[in-house]
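Below you'll find the structure, written out as structure tokens, and then a few comments.
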Amino acid sequence: MRPIIPDYLAEVLRDVERDTSGERAGYIPELATADPERLGAAFAMTGGEVYGAGDVDTEFTIQSISKPFVYALALSDHGFDPVLARVGVEPSGEAFNEISLESDTGRPRNPMINAGAITVHSLAGADGLSPTARVERVLEGLSAFAGRPLRVDEAVCASEMEHAHRNLAIAHMLRSHNILTEDPRAVVDGYIRQCSVLVTVRDLAMMAATLANRGRSPLSGRQVVPELVVRHVLSVMFSCGMYDAAGDWATQVGIPAKSGVAGGLIGALPGQIGIATFSPRLDVHGNSVRGVSLFERFSSDMGLHLMEIPAAARAVVRSNHAVGSGTNMLRVLQLQGGVGFAGAERVVQEAMTIAPAEVRVALDLTRVNSIDDVARRMLLEIARRLTLDGHTVYLVDPESVMPDPDPGDGGRVTIVDHVDDAAHPHATAKKGGRSG
Amino acid sequence: MRPIIPDYLAEVLRDVERDTSGERAGYIPELATADPERLGAAFAMTGGEVYGAGDVDTEFTIQSISKPFVYALALSDHGFDPVLARVGVEPSGEAFNEISLESDTGRPRNPMINAGAITVHSLAGADGLSPTARVERVLEGLSAFAGRPLRVDEAVCASEMEHAHRNLAIAHMLRSHNILTEDPRAVVDGYIRQCSVLVTVRDLAMMAATLANRGRSPLSGRQVVPELVVRHVLSVMFSCGMYDAAGDWATQVGIPAKSGVAGGLIGALPGQIGIATFSPRLDVHGNSVRGVSLFERFSSDMGLHLMEIPAAARAVVRSNHAVGSGTNMLRVLQLQGGVGFAGAERVVQEAMTIAPAEVRVALDLTRVNSIDDVARRMLLEIARRLTLDGHTVYLVDPESVMPDPDPGDGGRVTIVDHVDDAAHPHATAKKGGRSG
Amino acid sequence: MRPIIPDYLAEVLRDVERDTSGERAGYIPELATADPERLGAAFAMTGGEVYGAGDVDTEFTIQSISKPFVYALALSDHGFDPVLARVGVEPSGEAFNEISLESDTGRPRNPMINAGAITVHSLAGADGLSPTARVERVLEGLSAFAGRPLRVDEAVCASEMEHAHRNLAIAHMLRSHNILTEDPRAVVDGYIRQCSVLVTVRDLAMMAATLANRGRSPLSGRQVVPELVVRHVLSVMFSCGMYDAAGDWATQVGIPAKSGVAGGLIGALPGQIGIATFSPRLDVHGNSVRGVSLFERFSSDMGLHLMEIPAAARAVVRSNHAVGSGTNMLRVLQLQGGVGFAGAERVVQEAMTIAPAEVRVALDLTRVNSIDDVARRMLLEIARRLTLDGHTVYLVDPESVMPDPDPGDGGRVTIVDHVDDAAHPHATAKKGGRSG
Amino acid sequence: MRPIIPDYLAEVLRDVERDTSGERAGYIPELATADPERLGAAFAMTGGEVYGAGDVDTEFTIQSISKPFVYALALSDHGFDPVLARVGVEPSGEAFNEISLESDTGRPRNPMINAGAITVHSLAGADGLSPTARVERVLEGLSAFAGRPLRVDEAVCASEMEHAHRNLAIAHMLRSHNILTEDPRAVVDGYIRQCSVLVTVRDLAMMAATLANRGRSPLSGRQVVPELVVRHVLSVMFSCGMYDAAGDWATQVGIPAKSGVAGGLIGALPGQIGIATFSPRLDVHGNSVRGVSLFERFSSDMGLHLMEIPAAARAVVRSNHAVGSGTNMLRVLQLQGGVGFAGAERVVQEAMTIAPAEVRVALDLTRVNSIDDVARRMLLEIARRLTLDGHTVYLVDPESVMPDPDPGDGGRVTIVDHVDDAAHPHATAKKGGRSG
């Protein structure tokens, strides 16, 4: 069978190819001479597969797409408070190169504008790192996201440094507010090296997939940054990643994203997919024209929107029935699918209908696909309360979908592999009857 | 068994109760004299249950919490384009009563600031409605969200109208830009009536749950506004709902939300839950102090964050095995859990490993809990391509979890209730073998 | 002899006539249909003569030119502090219809922008005036400046009121900050009546001449507003009168000025002249295109620039010589021209060279044209100190150019009509020898 | 006799001495440790005298007071257009260190804010000067204003360069807009050297007096910058010299002025006086607290306000009488005092009353103190028109107060020393009867 996704990607690329509107970034000579016809797109799955079409292996500079990743590194290296003390998380509604400092504190409004990103660069790695060591930390970190060693394009880097007056202005302004505490010129130099890292569409898709995969690289399996950092970074990308077009993007595309002036664009949909595109011509907001079109197609074709509500699932409580009769009677609540807070709440409702006389109760998880943490705690609390009410509680969990099944403080559950094991309790549970 | 969620809510309320910081809204006399100790919280499930603790049945005015709902009504009544032509969707990074009009067009930056909300009010209901009829449309619409008839607090309404100079200023400014085309005074009057609608925490939780439930009231089952409208509104709430504290909220709480100066606060987590709290003391951003604390607790305790990635589920492909042998051999791909784009992609990968000689292939959906639209299309495309490659394809779907199973253009699937029906195809499929 | 100035004015009008650039004010229908070819200019001398050319008797609405005059009325009616507490005096660098309120206090930046002028209107006349009585006070005051009774153009007034949304917005905003304390709609109505007062170029020139003449009407001789108010108003006109083109105007034209959207433009050069022009087409700043050209010509042709330093005058000390000899010897300091601070300082220097033995000293003011207050005090102090040093001091002042010649505290001067009266002191001074 | 002005200055200093409010500039260590009690004031007359009291010979750094002088140098060295193309003249209403660039062009709003002054520094001297040569040009120019060689305080200069991040930020921003075309760091270095020039109150008063004296040093007699440049610079000082307190200053003090963070403050009243004060404690606007009080006193005590209208002078036309009778009759218009445009206009009026039969007419300038250029042209035009009407015109001008008395095109005047020479025309005029 021919693969489906590459066919789809190729078709969508063909559709946007005819759009030659927009202009290459003009302020850096090396970017102004890029081949404007380059076009590529890739999907990286959290399972590690990458599907691409077009120029997926062409190298170009990462530019601003480095911002969320280095922000994640800085948060990992310093923790939230020191970073938030220096850079806010509020959308500025302004262009990427606006200074946008808070008037009282001089704190940049967010890490996606240059002022914030320059500050964030200075917070990557341990305090007191030399500029060179800091760039190494950044390069190592970006490589970890990409799952392969990346390198700096020295020509673009030199070219940008010559036209870095606005960034130098920003850095000196930050220094004057003590937001930056190091030599502004060295920080801008390091920041420009960060922006000059060479990546491919394939790399970017994998970097985005690492965010989508809770910070763990689908390629290397390495936990690049902690989960809470990823959640924070994705939130900021959603509000601030597309500059003054952030609101349009949030409503129409709905994928946490970041664009770069070299023409790259990434999106990360938590738990699902990392997407990257490349096309050098930019719109007035500095976002790739075709890249934006591609993401609109992806979002629309595949329902990849953060506010898209998954199709109504089957009811979590598949059945509530009795097995046997008399004192041996077993009340069975058979669950199915993924159980989260809302599903667990349904189980609570069913559990409340159980009569005191129905002494023996089984929660049958055989058909349960996943249980999230809050649901786990709620199911265990159901078990605990039933125990306290005098019930004997069984958990039917042949594939151990419920981790650490300890209901705590007065609760007790017997773990069995099959509902029959609960229905006929004289039979010994396999695995010696795990019980909490 | 005692219910779990009310216990939890009561405990969290006790924790925040001691915090008496903040001030009641001072600019409307009726609000300034509200009982500052009122405190309530409620969860409304998409299934219709409401859990509450504290003052869940106290009536107070909805104020700005009406904004996202009336925005949804306006989008429903006019479609996206006419509304977006008048009101943007970009965060303003400013306080709720800043004028924040785009300098060139006079368009308010977003519908969550007063300028946007006043404009949106004028877009509720059909064009040319009388002011009275428009207020009726708004009242009817808000009632539909709440699932019960709501009414206006005439005293607060009159009190606000006397102190409406800032809103009148905004409305006249909008009129001067032709963003408003009606009498500014009549529009502000209507807008203030909208803000003076009386609600309880229970109502607000249900209104939020209606958003979380794709626009369908869990109480009445009525589709109040279309799904696409809800997706759009939730996106805007996420970026702009908490004014100049939107970024902090997005990162820390991560729930699309809206606050009102009377002390109400709602959050809607798509597909999961509607939450509402009430406590009149406000912080400097105009958000309820205890309300913000409550949401921080809810988000943190229950992982209710938009960027929270659900716990790793079991693999979608439960097994890939052969049944029987020789020409009768059946290749069975047994799926489980919820299948979305990423899951369907896994199935594609498995499908590509099927040898041409393995003529008969079954996709077993027996343990599948849900299939979203893109996954449905991908599974059907797998079936179509397998058919074209010469395979005979069965869909094992005893509970019809796959809607409309037509692979289209050259594809063919035979629907059966049990994998045995595919393994022994001479046996007649139940229901006459649905086939696409 | 044919008069000179009308010839000059006619010539300059011919030069600017061919410039048909600019547009009539579009936002008020009555102004948009004005005859765009109208062109007039007039000079009003502080002596009362008015020279004009072109359409000097065509009536048009005064519009914003009313602002400095009503500001002067408000300052007269309330004193400085209450007015300055409500309206600042800082240039805003913004267009006339920007709101430009100070962010903390809501105080308009200055009285020349609409926000300030609307506030100022509410401060004309006594506190608590009815709106009608206030408009009467304004109309009476403007008429006093013009030296003839003015009236409102009811058609323009009605037309403007229909398009007053921006001004209503501003007024409601001011009301919300308690800068306005009355009904915003009534104040705007009054303000629009103020702007709709009909004037001619001749009127405006006379109004400007009243400012140039320390607040006294050259026509009626009436002191319309106090001198200190005029000084203040002229300063504000210089910094803020031409909106966002104020700096260009201050440097190039250098005359305190004010323009109106109906095409009028006035300038007042303190102590010298009032100028007015009329031509309806406006530039992007809202100033009359030809009016600006005319003023540039006037300033350049006639050196009418506030920073223009008058031609070097003859030395104030015309001679320092001795008359007679021995004990009868009289030291004579003969002064000439206008004596101000700098001239008096020269006299101090000469006086310091007088030897103690030269007992008799005369300050001869016969050829002195004027003495300002500080010079008067300095000359009297010279006389006092000379008296204390043992000198006998004469003031030769046949035309009483020195008012109230009392040197005070130990000083003594004998006033004589001719230096001979001092040289031969046995001769009785005419008028009985005024002495201080 | 004891001098008057130093007594006055000493008295005023005593009055302000007790005010110890305000703070020394904190951001430059060298300034933060200045003796806060230093206090001095000086008047420099356009005649060259300097009166001082207090610390008039203490050296301190000139800081921002250099701005108007270097602006004058740049305008002299390049002409108006190239400088105005780079720096505007509009008040910004903002603090001195706000960036305040025009959003479209990047042009600083005016030369009194740092962004403008840094740009202006780069425009001092010829194009293409080395940074060192530019600083030399600036130092030479400031010295020419002061009338003595000035030098840089190397310690303050080094100290400021270490804290120059905000200025470096501004310079890089200007460079990014191509407003600056040289190395931003070198320009800021030069600008800081400019600000670190050491001056005394005596120097500053003389520098201000050079502005008040049309650009000619009262000390050296050298024309440091052209008159038109001075007029322009004084206008800008009036609108923009006191930052965001410019409007208060313009209305209350009314003297074109500039302050520096080291505590200096200058004012220049055109044609009259240069004033300087020194006291290191600054108010929130960055202006010397006591310096502002001193200027308020000076302005109030001595009527030194730009809008102060000089006391009403005697009428320019002293008399209009006939001498002799019959054909020999001579119509004499006797003028007096200073004659400007307004005075000349009075003469026109009198001249228009002359009957055709009164063939011989004399304009008697014996008591005229000064005639400005426009008045000169008008008087000559009167003479010309009278000639054309058949009159014979005499100019009685014994001290040649009327320069170049040529009425042009058909006009003719006979210059005589005494009215008798005109009354008896057979008598030969002295000096051979100058005639135009």
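Letters are used for the chains, namely A, B, C and D, taken in the order the chains are written, and counting of residues starts over at 1 for each.
Assume a residue touches a chain if its C-beta (ideal position, glycine included) is under 8 Å from a C-beta of that chain, and two chains touch if they have at least 3 such contacts.
Keep in mind the model is a prediction, meaning the values are calculated, not measured.
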(request) Please give the intersection of the contact partners of subunit A with those of subunit D. (result) none
(message) Which chain has its C-alpha centroid farthest away from the centroid of subunit B?
(response) D
(message) I'd like the Å distance between the centres of subunit B and subunit C, where a centre is the mean of that chain's Cα atoms.
(response) 66
(request) Express in whole angstrom the distance between the two chain centres, defined as the mean CA positions of subunit C and subunit D. (result) 20
(request) Could you tell me the distance, in whole angstrom, between the mean C-alpha positions of subunit A and subunit C? (result) 69
(message) By the touch rule stated above, which residues of subunit A touch at least two different other chains?
(response) none
(request) Would you pull the subunit D residues touching subunit C in the complex into a rising list? (result) 1-5, 45-47, 49, 88-93, 109-110, 212-214, 227, 230-232, 234-236, 238-240, 244-248, 250-251, 254, 256, 270-273, 301-314, 336-338, 340-342, 345-346, 348-349, 351-352, 354, 367, 369-374, 378, 381-382, 385-386, 389, 399, 401
(message) Touching residues of subunit D toward subunit A in the complex: what are they?
(response) 99, 165-166, 168-173, 175-176, 184
